[in-house]
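What follows is a set of structures for review.
Across the two complexes that follow, subunit A remains constant while its partner is subunit B and subsequently subunit C.
And now, the complex of A and B:
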């Protein structure tokens, strides 16, 4: 019963990720949760075997999805999100989050809101860069990734690497909230296009 | 920091719960909140809590609004949980505010009580059959739920057979159970589906379109070849025509109907009718 229910291909510049959602499907008795759905996320890198970095990203994506998916409507089932990195040119986690969200929406999994991922980089001067490329990420003083929900732009998940002050964190968060508008507008337009054909 | 705050305020200002009536037939996204008809006046700008006087007082009785698939109740509003077009059906008689639901495109089936589905028998264990209906668990079907079945007279069902039945128990907490008789004990078209024919899968939205009253696609298909066809609400269609070639043509046409416009469909049908 493994049918790919959705493949979505968002691209942040040259970063693109293919996402597929399977579910609600059967779950092994050892993994089943009696009152909600078991969410599993698998992230496969472009080359090589998945390692620790992929595991940590999977966990971040899973925590974000669990906050948003109404798992209580499908107890003792499993919802699996499979992400395949097609090309990586920076801001990978944010792209994976966007792909996962679109795939979940398209598969018809009930959700209480949409979510999107935005990456900010702070370089040595303190300049804020949104959606940095791989080169900018490497040279930056700090890289912050946020997952924001669509209802009130609240913060669902944040992961940061590097050195930054409290004020800079608030600045990055505000910039990410403003940028998320564009992502949600893109979601709305592409979904409207999809439903306009029927 | 002041600029950042201003930018945030601007982006949040766009969000506001909208009246359900204003959004009918439009695409809605998960997370949106909809106001029911009785609540719209209080939300209007500026009125500061005054209710406008109504000349015809009985016009909009609140009644009971039914919240269909894709919507959840959230306080006294409706929260959209699936992406799709918002639809509304007026109540047939008298009270009630009608039904609101979201028409979404999905392939995965979730069992619902009363739905007629096509299942594949996967196992026979003791007195029940396990039937795969495309949901998260196999449904159980007792051998006594066939017309004319008794403990001595068991129905002839093998593993791998196709069954057309309806759900009597289907909720999120229990294993789904199906039967092949209606409440009077008659088969009414349900039971084991005969030999030959082809079973294929389509999206749930297409099945709903095909089963709607006065479906053009079905009428056109019926004029093409003599055929037997069974639709399962779980996205499965079983079709049988006189020859294998005709069966395959029908299967391909029905699968393609999902993406074709009415004109393209008419073209294809006229081409098939000629050959």
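And now, the complex of A and C:
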């Protein structure tokens, strides 16, 4: 069992999150699952102690990771993803998702697809804004965050806040899918660069 | 995760090397590792790297009521967290000893030395004061956490700007960041901790031990000093017995080191201030960008969303409308109602399957009819025999009937149920319904 810590620091504009992955490693008997790996996600905010908002984000990220990580290859082990918010200037959850994905890839955890996070904001006149800043998020009528997979751009996770119609939801989803192409291209280029030098 | 224990040969190797005045990374006895300080976009945010040990510091402020016995002083709060990414052994909830020790040392170094003027943090005496909160997160553990943390704390405090407040008689105005420039904290001096590790009962000494050296050391001496050569805090742990001249020697070394580190800090702060004033880009994204092979950046990419509306409309028109779900509640008794039929209770099958043979004859109505027909057909031929009979066409496993007189009973019930198919069919279903309502 390798205990490997890999770190990644994606920065969306001024939002940056540091991610570290341990695993597959030993797991406590109480948390052991007999036929797959136990995935644990910890998100630490920069100021103050972690609260309910962090817990709910951890759960969303964990559910996304569980959908892509091939846990069945490492039964009775634990894979731990630790996220530390370094600076928050909007679109935090999407940045966390990107960081987690890159860290999992770098640590060599087997996955069936990559995933990325995209945030969409709808303001009062219905304009769609991708990757909003903190100010734009605050003034928006609705903020939607999606996690998309890399194989077919399918939706892995979505969490939304605010009021929007179903047509707007589909529009945001289509826009997020278009945006995810750029993010995956960025993943590919940075991974190529990393592994070509070392 | 459990910490991997240090092997005996590694321990011996490290101690032997120290005896020969050699360190694994090639440093001299009194050498510090490279210190790198970088700032974030918000005021009060910094990352300090001491070799590979990395600490993230953030200062924030809030207006609160003061403590009752200190009505004119602001409140300082320090919190050092050992993040799980620093070392696999740092699980949340498992690091209390080390955590308490580090936090206490940090507090003594920064609060008791009065490096921050708390009187200046008072806004309205007895009612509103500033509470300054310093959060430090250890991102990577490669030894000497306390030095890195103290540097991060003091740098973050020097970098921080609090919102401006003005008091006119009874009116207190808090200006936002846009209205007036934020104001730095008033800091008297900068205490910095220097750690000395002792080996072989105080014979050998190393400054700035890394993680391996910390594991084999006998004791640790921490001296917090400022550049005016004033000792702010001194702590000796590990139970080593030090001579007076050893402690004095260490304090002299600490004086030299602190002067160097303070100069580095001031250079870094001045640099950051210059960049901000000139309107250049600042923040972590900039500082990590070009120095590492593994860093990669992508400029802002505009995304073409012009066809998004059409795509969305297509999806909606092709999608099936959500199924109409009409719920009709059935009232059993006052206080108990049921919506929907639910699915077959599969638990019931296990219990009922034994009773079914005798009572109701099968779980599914359709199958009952078929099997009964076949059974009655067969049984009528062999009903008169006394020997044990095997009903081979039964839907359950092979049943061996031991007592012949049970046979006619069975046949009778089955034939009865064949004619009264509708009546018993309601019974099993209702029985299960009641079970569910009770559950």
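Rule of thumb we're sticking to: the second predicted complex is superposed on the first by the 193 of 198 C-alpha atoms of A that agree within 3 Å, B and C clash if a C-alpha of one lies under 4 Å from a C-alpha of the other, contacts with A are read in each partner's own complex, and residues count from 1 in each chain.
As a convention for this text, a residue touches a chain if its C-beta (ideal position, glycine included) is under 8 Å from a C-beta of that chain, and two chains touch if they have at least 3 such contacts.
Because the structure is predicted, anything quoted here is derived from the model rather than measured.
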Contacts of A:170 with subunit B and subunit C, given as first, second, both or neither: both
First, second, both or neither for A:186, with subunit B first and subunit C second: second
Which superposed partner A:107 touches (first subunit B, second subunit C, both, neither): first
Partner chain in contact with A:74 - subunit B first, subunit C second, else both or neither: first
Touching partner for A:82 - first (subunit B), second (subunit C), both, neither: second
First (subunit B), second (subunit C), both or neither touched by A:126: neither
Contacts of A:18 with subunit B and subunit C, given as first, second, both or neither: second
Which of subunit B and subunit C A:151 touches, first, second, both or neither: first
On subunit A, positions contacted by subunit B and by subunit C: 3, 5, 25-26, 167, 170-171, 174-175, 178, 194, 197-198
Residues of subunit C that touch subunit A when the two form their complex: 1-2, 40-42, 45, 47, 56, 58, 60, 81, 83-85, 88, 92, 133, 135, 137, 139, 283-285, 288, 293-294, 296, 298, 300-301, 303-305, 307-309, 311-313, 315-316
Subunit A - residues contacting subunit B, complex: 1, 3, 5, 23-27, 70, 73-78, 105-108, 110-114, 149-153, 167, 170-171, 174-175, 177-178, 180-181, 187-188, 191-192, 194-198
Contact footprint of subunit C on subunit A as seen in their complex: 3, 5, 7, 9, 11, 13-14, 16, 18-20, 22, 25-26, 42, 44, 46-48, 80, 82, 84, 86-87, 89, 128, 130, 166-167, 170-171, 173-175, 178-179, 182, 186, 189-190, 193-194, 197-198
Sites on subunit B touched by subunit A in the complex: 1, 4-5, 7-8, 10-12, 14-15, 27, 29-31, 70, 72, 79, 81-85, 104-108, 110, 132, 134-137, 172-173, 205, 259
